[in-house]
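First chain written, first letter: the chains are A, B, C, D, E, F, G and H, and each begins at residue 1.
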Amino acid sequence: MIKVPAEVPLARPALGSAGRTGTWRVLKPVIHYDKCTRCRLCFFYCVENTIDLEKNLYPRIDYDYCKGCGVCAQVCPTAAIEMVKEVK
Amino acid sequence: MIKVPAEVPLARPALGSAGRTGTWRVLKPVIHYDKCTRCRLCFFYCVENTIDLEKNLYPRIDYDYCKGCGVCAQVCPTAAIEMVKEVK
Amino acid sequence: MMLMRGNAACPGCPIPRELDALLEVTGEKTVLVVPASCSTVIMGDSRGMPSRVPVVHSAFAASPAIASGLKSALEARGEKATVVVWAGDGGTGDIGFASLSGAAERNEDILYVCYDNEAYMNTGIQRSGLTPFGAWTTTTPSGKREWKKPVPQLIAEHGVPYVATASIAYLFDYQAKVRKAKDITGFRYIHLLSPCPPGWRHDSSLTVEVAKLAVETGIWPLYEIERGKFRLTSISKTLTDKKKRKPVTEYLKLQGRFANLTQEQIKEIQDEVDRMWDEFSKLEG
Amino acid sequence: MMLMRGNAACPGCPIPRELDALLEVTGEKTVLVVPASCSTVIMGDSRGMPSRVPVVHSAFAASPAIASGLKSALEARGEKATVVVWAGDGGTGDIGFASLSGAAERNEDILYVCYDNEAYMNTGIQRSGLTPFGAWTTTTPSGKREWKKPVPQLIAEHGVPYVATASIAYLFDYQAKVRKAKDITGFRYIHLLSPCPPGWRHDSSLTVEVAKLAVETGIWPLYEIERGKFRLTSISKTLTDKKKRKPVTEYLKLQGRFANLTQEQIKEIQDEVDRMWDEFSKLEG
Amino acid sequence: MIEISLKGRGGQGVVTAGELLTKAVIMEGKFAQSIPFFGGERRGAPVSSEVRVSDKPIPLHRRVYNPDVVTVFDTTLIEIVNPLEGIKEDGVLIINSDNPKKHWKNTYYVNATDIARNLGLVVAGWSVVNTAMLGALVKVTGIADPELLEKAVMEEFPGKLGELNAKAIHLGSKEVKALD
Amino acid sequence: MIEISLKGRGGQGVVTAGELLTKAVIMEGKFAQSIPFFGGERRGAPVSSEVRVSDKPIPLHRRVYNPDVVTVFDTTLIEIVNPLEGIKEDGVLIINSDNPKKHWKNTYYVNATDIARNLGLVVAGWSVVNTAMLGALVKVTGIADPELLEKAVMEEFPGKLGELNAKAIHLGSKEVKALD
Amino acid sequence: MQRTSTRNIVKAMVGNHAVAYAVMQAKPQVLAVYPITPQTTMLEKLSEYVDSGKLKARMIRVESEHSAMASIYGAALAGARVFTATASQGLLYMTEMIYWAGGQRVPIVAAVATRAIASPWSILDDHQDFVSKRDAIWIQMMAENVQEAYDLTLQAFRISENPNVLLPVMMGFDGFILTHTMERVEVLPDDVVDSFLPPREFNLIDFSDPVGIGPVATPDDYIFFRHQAQKAMERAKAVIDQVGREFEELAGRGYGSTECYLCDDAEYLVVSMGAWTGDARVAVDRVREKGIRAGLLKIRAFRPFPKEVVRNVVRKARGVMVLDRAVSYGSGGVLGIEVKSASYGLDVPIHDVIGGLGGKDVRPMHVEKALEDLAVGALEEERWLL
Amino acid sequence: MQRTSTRNIVKAMVGNHAVAYAVMQAKPQVLAVYPITPQTTMLEKLSEYVDSGKLKARMIRVESEHSAMASIYGAALAGARVFTATASQGLLYMTEMIYWAGGQRVPIVAAVATRAIASPWSILDDHQDFVSKRDAIWIQMMAENVQEAYDLTLQAFRISENPNVLLPVMMGFDGFILTHTMERVEVLPDDVVDSFLPPREFNLIDFSDPVGIGPVATPDDYIFFRHQAQKAMERAKAVIDQVGREFEELAGRGYGSTECYLCDDAEYLVVSMGAWTGDARVAVDRVREKGIRAGLLKIRAFRPFPKEVVRNVVRKARGVMVLDRAVSYGSGGVLGIEVKSASYGLDVPIHDVIGGLGGKDVRPMHVEKALEDLAVGALEEERWLL
């Protein structure tokens, strides 16, 4: 195959294609693990895919990219996620 | 209103916009009035609108424009229309 | 006579009569919008046109939109007139389908008539989305593999006030539908099956016969959908009973474009027609 | 994670998750075709993209056709891959509708997903044919007057093998439908209601809640039509009984775009939903 | 270079005639060009086709204005389209007629309609006279090898139909006469 | 001509701030121009707006590269977008902060977030700090008549909201301080 | 540049709103605008006007740009004053209808918020979209600033509907750089606009005299119509200048096909079109300070192209550089080609300076540098401002 | 003009069938062609080839030209050799995708059966459609006769897929005048075509190295890509000539961007493109007989425009007339503008002779007359052959 020269308009996969979107946050989701039942709903519904599951199945938020939308807090059945004001 | 100058692409109504289409005929519909019951089907179905009705409601073909398609002969319930070869 | 004699339609082409019958009903205050199609050619040239009402020629995909604009402007100047799109199946169901669907969704106050000769005839018989299953065209040399796009149903799904099918063989039914459509406000759609002797490969004298058989075999049901209500019309009312319908072969065999259908394909077509009528029975019942 | 973090979606936008859930099922051998839309922006820029599978950016009206070509070429080189169009409601039901209908009519072997945020969001919230009745947009300042164009039904009328609706709030249902669609050959269509916090005027945290209420109120029924057979899915199966459905106001009241609806309009909407479910009951029963 | 104008009606095979002639000439190693009438062909409506034949490459692409040969498939056209317009002083007119009039000083005629009809070359009521006319044309002008013309015809219409058309060429060529 | 750069985040009203300032200047009979950041605005994402103010017509349409004044609505941006790039030697930096650092020799600060919050100027969790910042900006630079700015604000936001914003201008202007 | 008439009303407006305002004052009966960045906020403003009744018109909410142009074309035939606006992909998507309207010689006004063309995507400014319609039998004018965008919009209706012209007019203005930039704008009072722009008098749908509009044309007729169109373009030159003068009487701002800045004694000339003309003006001032006698020729009317003026101005220079925001790939800058062609026969060196594509910002210093290089013979035949 | 190689096979074919034949020999995997006069008989022939298995390709039966170009674009990305053909309204309807494919630098071959543009309707020939794509980052070549249409189609694939080029190629040939005219054509044996045109090696869909194709580009990247495209166009000039020479070795017919006929000592030069070049050749011969030293420069590659050659040939003449079958209304003949721009700085008078629009037949005598007038200084700056 022809090697396509760099002069052709292409993009390559990259983490943070829009930058460190964690800086966009106004409110920050904080998980109160004591309340967490590991139901994983936050993990399923985080619209940004910024919640990982630990080995022990506890959710962990990737604050580098979490945009602070609050969906996780909203879907958490035990109100284990609190949205707190970002301190900047 | 502005008079639109002749330089703008327009067409005006005209009889025989494609010429004297009667000359296109290979076969010519001839009405045998003796067989005609004045049912007017030929008049209704002449696809070219080239059949007129006389005052007495007998059909008359406008040979200047009749293209000789044969639809009239086909729809005539009494076979009063015959398609004959054009003599040229 | 609103559409004058001596135009460029092929011998046996029903379009001039179809147009005349339409204009008989809609009258002098009609604007015809005609996209690229055989009707473009029939409408003459810069030396003269057969129409006695204004004709707005249109790019292939543009007629529903041109009609929307025309109607809006006529309304703005207080002129009561019927704006009619007169389009082929290709302009309607293929390239112009987004524009048509848009106008239907906006419920534009226009009457859209699709004369359906089931292929691109003006360019010499190429397949359209509305070409029926099995039909030969120059771009489907061994018959079309897909089914005919059900455009009247698709438009009806848009919730427009009036949708109807019609046939040149049932002139009164056709004109009655035009009359009804004329008096309705909003988007009205009439789909007219329109045989084409050179394209369907039948003798020019058989135009009306073929159109009639399409209805009698049930391949082309005559119906209207008025504000969502479906109703069979004319002779089609009597055809829900399969025994009353002629076998589809009667229709197919007259046309060269179906000459190479296999027995299986013919059965498929017959089954499809029967299935459709079963649904009609439900809708009507 | 097939769609990487840190992309340009608004906070609370479901699109990244919707895409990721799709790609989880279709896997690495997926090509995404993305027409002009919010997703174009989400797909990054010349400096990098969030997708781990090839993305083919597309002009607004071109994606069904680009996908047709891609699939044909992949097939010609013997590559088994899923070609997915990922398009907004505007690209799907307005400008791209002819192209979509054409691909459906040809039964192209592609999976078309319309993520429907019910307006042109990328250009800043303008009405589309799929904007619901009554909704505010910048081009319908006092609410849209027409009803939402019923695109899934329209596609189903084309006789394609698979059509389904889905919702981000019912992820398993959505992914099950993608899985089913992936294994079918021919044209497959999934229509995904996709809330948009700035466009629908709801708090970014309510995305899933709003999506859920759309289903629970019956405004957004979950169903699939497999080779013509209609079937309600997931929770919607339980909603044919009107009493089980929440009133539409529960859905409407969360969204600023419906803030100026009159009581009458709300009733119209409720009636329309009820009418739709009556039909579903018939179809299912 | 010889320029030929073929005039007929939709359904008579005018364009095909031009192409068959062109093929035959090219088979011979010479140069030829066939330019059809540009427009929607309707059965019965006037149609024309123009042919150039030459020993050298033909650079021209304009239409033929001053034909050396005019071939009229249907004499009723003579009034309608004035096929003789521009014909060269020493040009030749070939008409399909059983009752020829002297429309031009050098007039030839053949009853191509009868030839076609007798051979059963009739499509939808139309006698397809093109091959009989070609036979006459080649005979009168000598611009193509009749055998190659037959070969071209057989390629275009394989089987039985080709044979009939080949016969039509033959008969056209045999029966064409000068009118004096 | 004075060139001003306004840096903030989607939701803070950066573009509106530039336009309000421009309007106020134009009401005064002077010339001004407001050039927003060109791109999809996402809540929380960096946004900028640039303003030119002059006594004469402004022919320029390029972006502002060497601002006289840089106004930062959210100090976290200082690391991300380097708002001081190109600032004039004697340029002025105005930041929204309760805990200011000396990012630039001429730094002014105001706690616009508190002003907005106290006035209830909060939308979707965002304190809309733009008018308070404008108040500070006008106070520090004197480029617009505060009364006209208030008028512009009242036109833009009729009623109660306008009053609150006018108050914010007032407070911003009152509370801004030089950092030394 | 900008002079003031006492009756003018001063406003601060972004370009899109200024154009929308002019459109409202022009009182069209039918609009059809499809959203596209950077034009959309104009559509939104117009929707607001229509919705609130400030503009009594129908806004047809079409499903594509092809239909936008088609629907206003239809409306224009039936006598309505009409307007649309678009950009980039939208302008390309309506290409067929653009040519259609031009060929039919129907008065229409369209604003183009210029934007780069994909692929790759860019929502930012250049002129590639605008120039793509230079053969389409449309008058094309381009604004330098928000004020001009407002003024030219009003003038466009007058020019388009002039019975000696009858051509659609496209008003280009730089995307974002003007559409989204707020500037001081002097608008005319409504009654002044009414006197400048009386109700439209063009109509082709007359049931007592039915015509076929845009029929098949015989070759003789076809080339005749086209020749007439070319003549109408020629006549439009005077009309553009005349309308500009009339407008000046009302508004105090003079217009015409071109504008010269320090041309008279200019040895080194910049030719430019659109918003960066202002920046070029600054560059001219700056190099003048350095002793280089520079001048600037602004092209306001791109079609009809003011060949005669260009030629006369170029003739007097020692070197010319054309600023080009659009390229005919495989040939050169589009404006450059025009200028060279119009000046054919002269021997003043003409250089192409291509820049600003896809939103790339161009600064006076780039023009300054190019002018300095031009003066010392160091400017390439084609320079790209990368 | 036409030389012969012994391995060539002589056929009699109409232009559309000759191009279809070349396409079949080029072995594309994916085609998408939408019917439009005068291209349609090519589509029909290709459909036949595909249906009968002579060409193992998929013909996508799209619903419009926009989709025709879009679908072969998609196929081209995924490694298929692709082809489409269109004309006039169809070319306009796919405008957006034409620019799209050009901007993305994807090898594609499209044939354009040139035809006038509506409104008013005309199905007949001129070049207005073809030239409307001159900015679209496509190589554009135009054939003089059926033989060239065949030859250039084959060459187009080679040029397009050349790794130093990677640009789509448009092959124009006059509607009806070539599409429907039957001429002698020498075709290459299939194996010779195979050696000339090995399987395509361009592919962007690689699941082990996923890329985003045509993403939003930052301004810096955007202008970079465009600058590279312009450079690729520049490089294409040599490739066109090189491929022409290689083709000559196989076919015995030489090609290149231009062709000169009696240029060397020509005082009066005709510049021309497309089918009427042959007629112009005849006119040149005729006026030579009358003692006027005329010559002819044929433009085969319109993009990249062979500026250097044009300039060098024009330089030697005393007067030049450019035959133009397309007009940039409000400016001048399109080819004329190019020639003047390319020749800028020379002082040989260049005249525009515009004709053939909407199928209007142009005869050698028209060219003859113009040449004679040129020689005696009686040719207008712009003459229309009405």
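A few remarks follow.
To be clear about the criterion, contacts are C-beta pairs under 8 Å (C-beta built on N, C-alpha and C of every residue); 3 or more make two chains touch, one makes a residue touch a chain.
These figures come from a predicted structure and were not determined experimentally.
Note on connectivity: the fewest steps through touching chains from subunit A to subunit G is 2. Listed here as common contacts of subunit E and subunit H: C. Farthest from subunit B, judged by the mean position of CA atoms in each chain, is F. Taking C-G and D-F together, the pair of chains sharing more C-beta contacts is C-G.
Note on chain placement: the centre of subunit C and the centre of subunit E lie 40 Å apart, centres being C-alpha means. Averaged C-alpha coordinates give centres for subunit A and subunit H that are 53 Å from one another.
Multi-chain contact residues of subunit C, defined as those touching 2 or more other chains: 8-11, 40-41, 43-47, 49, 51-52, 55, 57, 59, 61, 94-95, 97-99, 101-102, 105-106, 122, 129, 203-204. Residue positions of subunit E touching 2 or more other chains, listed in rising order: 42-45. Residues of subunit B found to touch two or more other chains are 9-13, 18-21, 24-25, 67-68. Here, these are the chain pairs in contact: A-D, A-F, A-H, B-C, B-E, B-G, C-D, C-E, C-G, C-H, D-F, D-G, D-H, E-H, F-G, G-H. Residue ranges of subunit E in contact with subunit H, taken from their complex: 18-19, 22-23, 26-27, 29, 31-36, 38-39, 57-63, 65. Residues 36, 40, 46, 57, 59-61, 94-95, 97, 120, 122-124, 126-127, 129, 138-142 of subunit D touch subunit G in their complex.
Of all residues in subunit C, those touching subunit D in their complex are 61, 93-99, 101-102, 105-107, 129, 146-147, 149-150, 153-154, 157-159. Listed in rising order, the residues of subunit H touching subunit A in the complex are 79, 103-105, 161, 163, 166, 201-204, 206, 210-215, 217, 221, 224-225, 228-229, 231-232. Subunit B contributes residues 18-21, 23-27, 67-68, 88 to its touches with subunit E in the complex.
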